[in-house]
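These notes open a run of structures that come right after.
Two complexes follow with subunit A in common, the first pairing it with subunit B and the second with subunit C.
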Partner chain A sequence: MNFKLTEEQQLIEQSAREFAKEYLEPIVVSMDETREYPREAVKAMAHHDFLGLHLSAESGGVEAGFVTYIAVVEALSRSCGSVASIMNNHAMASYAIQNWGSEAVKKQYLPSMIKGEVLGAFAIYEQGPAPGIGPKAVVSTKTDAGYVLNGTKAYARNAGEAGVYVVTAVAEADRPKTAVAFVVDAKTAGVKVGERIATMGLRGCPVAHVVFDNVVVPESALLGAGGVQIINRTLALGALAEAAQTVGIGQAGIDHAASYAKQRVQFGMPVFNFPAVQALLSDSNTDCHVARMALYHAAQLVDDGEPFEVESAMVKSFLARFGAKLLVDSCQVEGGMGFVENMPLPRLFRDITGTTLVDAPSDTPERAIAMSIA
Partner chain B sequence: MSLYTAEQLEIKKAARTFVAKYVIPQAAEYDRTGEFPSYLLEAAKESKVFAMAIPKEYGGLEYDGITQALVLEEWAYGCQGMGTTLGASMLGTDPLLVVGTPEQKKMYFGSIVNGGIAAFGLTEPGAGSDAGAVKTTAVRSGNEYILNGTKCFITNGGYASVYLIVASTDRSQGLKGLSAFIVEKGTPGFTVGTVEHKLGIRSSNTVELHLKDARIPASNLVGAEGDGMKIAMLTLDMARPPVACAAVGMARRAIDECLKQLTERFTGKYLPPQTVQFKLAEMHAQVEAARQMAHHAMRLRDTTTSYAMESAISKLVGGDMVMSVTTQAVSLMGSYGYTSVIEKLMRDAKIMQIYEGTNQVQRLVIARGLLTQAAKRMQKGA
Partner chain C sequence: MPKCLVCYKWTLDEQDIKIRPEDLSLDSSRAKGKISDFDRNAIEEGTLIVEKLGGAVDALSYGTAAVKQSLKDTLSRGPEKAYWIADASAETADAVVTANVLAAAIKKLGSYDVILCGEGSSDAFNQQTAQRIAALLGLPCLSFVNKLSVAGDVVTATRKLDDRTEEVSVKGPVVVSVLAEINKPRIPSLKQVLGASKKPNEEIKIADIGLKPEELQPKTARLSVKGFVMQRKNVIYKETNVADNVAKLKASLASEGLC
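On to the complex of A and B.
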């Protein structure tokens, strides 16, 4: 076992940190205030090859591997959670297209997605009681020319900015058993993006419901494997990418709280010197470290071609319990100063919460973990 | 049989009606802008809710602790930004109940009864948990005191009519040199500085206060010179159980919001997953337990002067409970939680672990109490 990044991985991670300092840190506060989509930063990410890291050379990607991808997400997240969210959702879409898309859609979208000219959105979430159930479930009907989609995807990230959506659906003929997935161009008639939804944090990343109203797509829009496989694998990778955000944001919070505690004097000494304050910082740093180890281990499994879904679920489950707490406790170390918006921690508090959501019941990690135990 | 009297239940119902009309509908917008809801003071004037702890002889409502608890819970259920405005006014008023002279009470309480609000000014940039590090000075000059210094994070500071300000009358005495003063709005040299924008309770007003050669009558000294720390501690003892009551209201709201969404989503034969049901059950159990502790402390507050430990416990339990419940609520409700009133509750909850003494300070109070009691038992040879 080797827990060190390779030299190449370290170089790419370093470039991500430098990128974040140069391009993200100057805009992160205003982006949080205005909720403006960071168009230039996304273009710059493409220019630095970050949008093709996880894709194969054949697709025009960097083929840098998933560990590298995770390291970059963590590095970017230390400076800006929103941009990492945009990148992750985009990557889930391009990953699904690369792995299961027809030649036609690969050719049409992958080069422009890598160049940052077309943003992708991976839209899976629905508001029914179970996947494929409920009045708003996205349903596909086979026609002679292809498929017709109807229904609503809820809380789709990158919605509105995306040029292409990867959309999961259930087949009308065998509802709700047969899950399928489609590549839908945003310009297709009947794709209606709802009003932008205000989010607690990650405010540069747009979120909206997307309605599919008699959207006609060609045969080539259907992704090859069954929908369940596409969903499970892509979500398991997405969960790891999101965990990298949590770890990056969490570490940024802990680091800030520690340096604040070293200069904040109460009772005649830096509050850092109080054992109870050290315990708060130490618990957070321990949780963050444990999560990071489990995360990079799972990412290595991906690169090794091993099953990683259970490990991904464990990382998700762990961070659902302890992720947001990293910032709850970092803010606590700073007391009143951890609560005012001209300090960075409130933003990190709001951002990290968005990386630890569990969209039950379609997205609960416990089942996969439990089923894996002997 | 209800644990509450018919009158208490009537008042709770009236508070709920008020909150449904004046707090809940406006809460999101004031949270977004961070503006102070001045309209609320006007709306609350007739009911005199800001005077609910003030004795009837001074024109107040003279509610007992449990009745106050029920009202505070309802306000917090609606919006703890607005609930904080009420709670902080009581924080600035409560100590006068105990240590004010009849003249001081008449003036100070009169201001509240007539629609004003109060503020309590202890914290300074260098004096947070370490309240004894207060640098603001008060120097006696004839029939006046002259105050100089800066206070920060003062809730209601921009809108209060009366303030209770802690300042040092003798820097050489440290904690024992602190004294408490009534300062009225409009006192020359007394000005409002920066307004803070906060993670949560955004509609509550949090400001810096500047005192520059601010002259006040010597009769505005509360208690004696040197009583400041004692009064501050007494104030915080009184203020902690109300924070716990508010925490209960916020957490109850979070659960209600989860239930609202879940019952919309899971209809007919579909029930929320068992894991979700269990989380809800745990959250509700925590709320119920915290309410009992909060009410216990409120009852002690009415009946005894030595309840510092129970006061601290109620705040610790309530503050940590509401942070945990609202965090779970957001996580549990996923994207809905992240974009609805539930996320506001989580942002608002964070302060419940911080103000009126951080929950670390509460742990200190409790631990020191335990150790002192144990040492006494040891001495007695018990």
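On to the complex of A and C.
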């Protein structure tokens, strides 16, 4: 058993930290205020190979493995959760295309997705229960020209900026409903992106509903596996990437609170010296460390080709309880200053909440964990 | 096409070093290594020269056994080959020993057109390595360089001095020490990091570079290293008259030479 990143992984993590300081920290405050999509930062991420990190060499990626991917997401999230969200959603789309896409679709999209010329969006939710197969699911109809899609995907991240969407749907002809998934070019007639939805945190990452109004896609756009399998597998990986965001944002909050506590003097000494403050910081740092260990273990299972879904659910469950608390306690350490909007902690607080609420909802992992010990 | 060599130091990251409050000694038990800050600029400058003009850039480092940890990091930043000398003498080496070792290694490696160093290391910041190497090799030295160009065998540099800048040119080979503002060191891409494993590196044994034992003896002994912590005196003036409090504060500051 070895808990250390390999030398290459450490260097890549170091590169990601350097990248975040150079490209993300200068824009993170204004991005939070204006909600502007960080176009130049995303291009720079592609230039540094972050957008092809997890993809195979055959696809033009770096094939650096999932542990490395997680380390990069954590490193970027320490500076900017929004950019990590954009990268994660893009990665989920490119992962689905690589694993289940036709050769034509892979050739058409993966090289430009790796170069950052085309942003991907993994759009699976509808405004209703059971993503992909629920009563408000997008419906696909087989025709001579391929498939016709009708319906609305809700709260799609990267919407509007994405050049390609991975969209789940139900096949109209099938009873009971069969989930399928398609790759849809954003320029296809009938694809309409709704008004951008203002989110509490992760504000640089665009979110909108996407309407598919008689959208015709060729047969090659159909992904070669059931939609449910694509959703489950990709979401399980996405949950880990999201956990890496939580850990990175949480650590940034703890580091800021510790630094502040060492500078803030009360009763003749830095508040860092007070036992109550040390208790808050030590509890937070312990929770963050435990979450990180569980997260990287689950990521290693992915790289080893072993089942990881239960461990992924455990990480998600743990962070659902303790993730946002990392920032609550950090704000508590900073007292009144932790409540001041132009200080970093309120932004981190809003961002970390986004990482525990979206994609894999906080209340679903318990079933997977319980069933594993049933 | 120039042949460049960059000398760099693998130091502890000062951000990871803690100061023990009881005696102000340094706790570096959890400190990671890093390429010394200005040396990153030297590596970048060597790489930029070669990217512009062709040629080759190698890297050379002398340190303890930990120096081996620097190789992939260094190679991911541009150099094509890294040479390393790992020896216990580096633990206590001062600028004299460091320059002796590096100069002897350079003699063994052969001739280079431009030998680049950082202006000073992140830890000791002696600012002597480039000058001493130049002296030992009988080469000219350009220090405090914030702009550098190479044309044929002529090296032109802008030196940033205290109250002026100075543009100088010299016929190479030459030793150059660079300032931080000369360039912005690149952030290695993932492919560059992974590609570093495929680049060659070679150990140079200290016994093979022809140094006498006394040349490995430091002239300077470090007696102690202590952290600097600002101490508050918590003096409170309690005179009823505000002017008296101000006068006392002024006198106190004056007694410490602060006004």
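Going forward, the second predicted complex is superposed on the first by the 359 of 374 C-alpha atoms of A that agree within 3 Å, B and C clash if a C-alpha of one lies under 4 Å from a C-alpha of the other, contacts with A are read in each partner's own complex, and residues count from 1 in each chain.
We adopt the following convention: a contact is a pair of C-beta atoms (placed from the backbone, for glycine too) under 8 Å apart; a residue touches a chain by one contact, two chains touch by 3 or more.
Since this is a predicted model, take the numbers as computed values, not measurements.
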Clash or fit (per the criteria above) of subunit B with subunit C on subunit A: fit
Which superposed partner A:His48 touches (first subunit B, second subunit C, both, neither): second
First (subunit B), second (subunit C), both or neither touched by A:Asn342: first
First, second, both or neither for A:Ala154, with subunit B first and subunit C second: first
First (subunit B), second (subunit C), both or neither touched by A:Glu36: neither
First, second, both or neither for A:Glu172, with subunit B first and subunit C second: neither
Contacts of A:Thr356 with subunit B and subunit C, given as first, second, both or neither: first
Partner chain in contact with A:Val265 - subunit B first, subunit C second, else both or neither: both
Which superposed partner A:Asp303 touches (first subunit B, second subunit C, both, neither): neither
Which partner, subunit B or subunit C, touches more subunit A residues: B
Minimum C-alpha separation between subunit B and subunit C after superposing on chain A, in Å: 6
Residues of subunit A contacting subunit B in one complex and subunit C in the other: 265
Sites on subunit A touched by subunit C in the complex: 7-8, 11-12, 14-15, 18-19, 22, 47-50, 53, 62, 64, 265, 268
Subunit A contact footprint on subunit B (complex, rising order): 123, 126, 128-130, 133, 152-153, 196-200, 206, 265-267, 270, 272-273, 275-276, 323, 327, 330-332, 334-339, 343, 346-347, 350-351, 353-355, 358-360, 363
Complex contacts: residues of subunit A adjacent to subunit B: 125, 127-130, 133-134, 154-155, 197-201, 207, 265-267, 271, 276-277, 280, 320, 324-325, 328, 331-332, 335-336, 338-342, 346, 349-350, 353-354, 356-361, 363-364, 366
Residue ranges of subunit C touching subunit A (in the complex, touch as defined): 69, 72-73, 76, 187-191, 193-194, 196-197, 232, 234
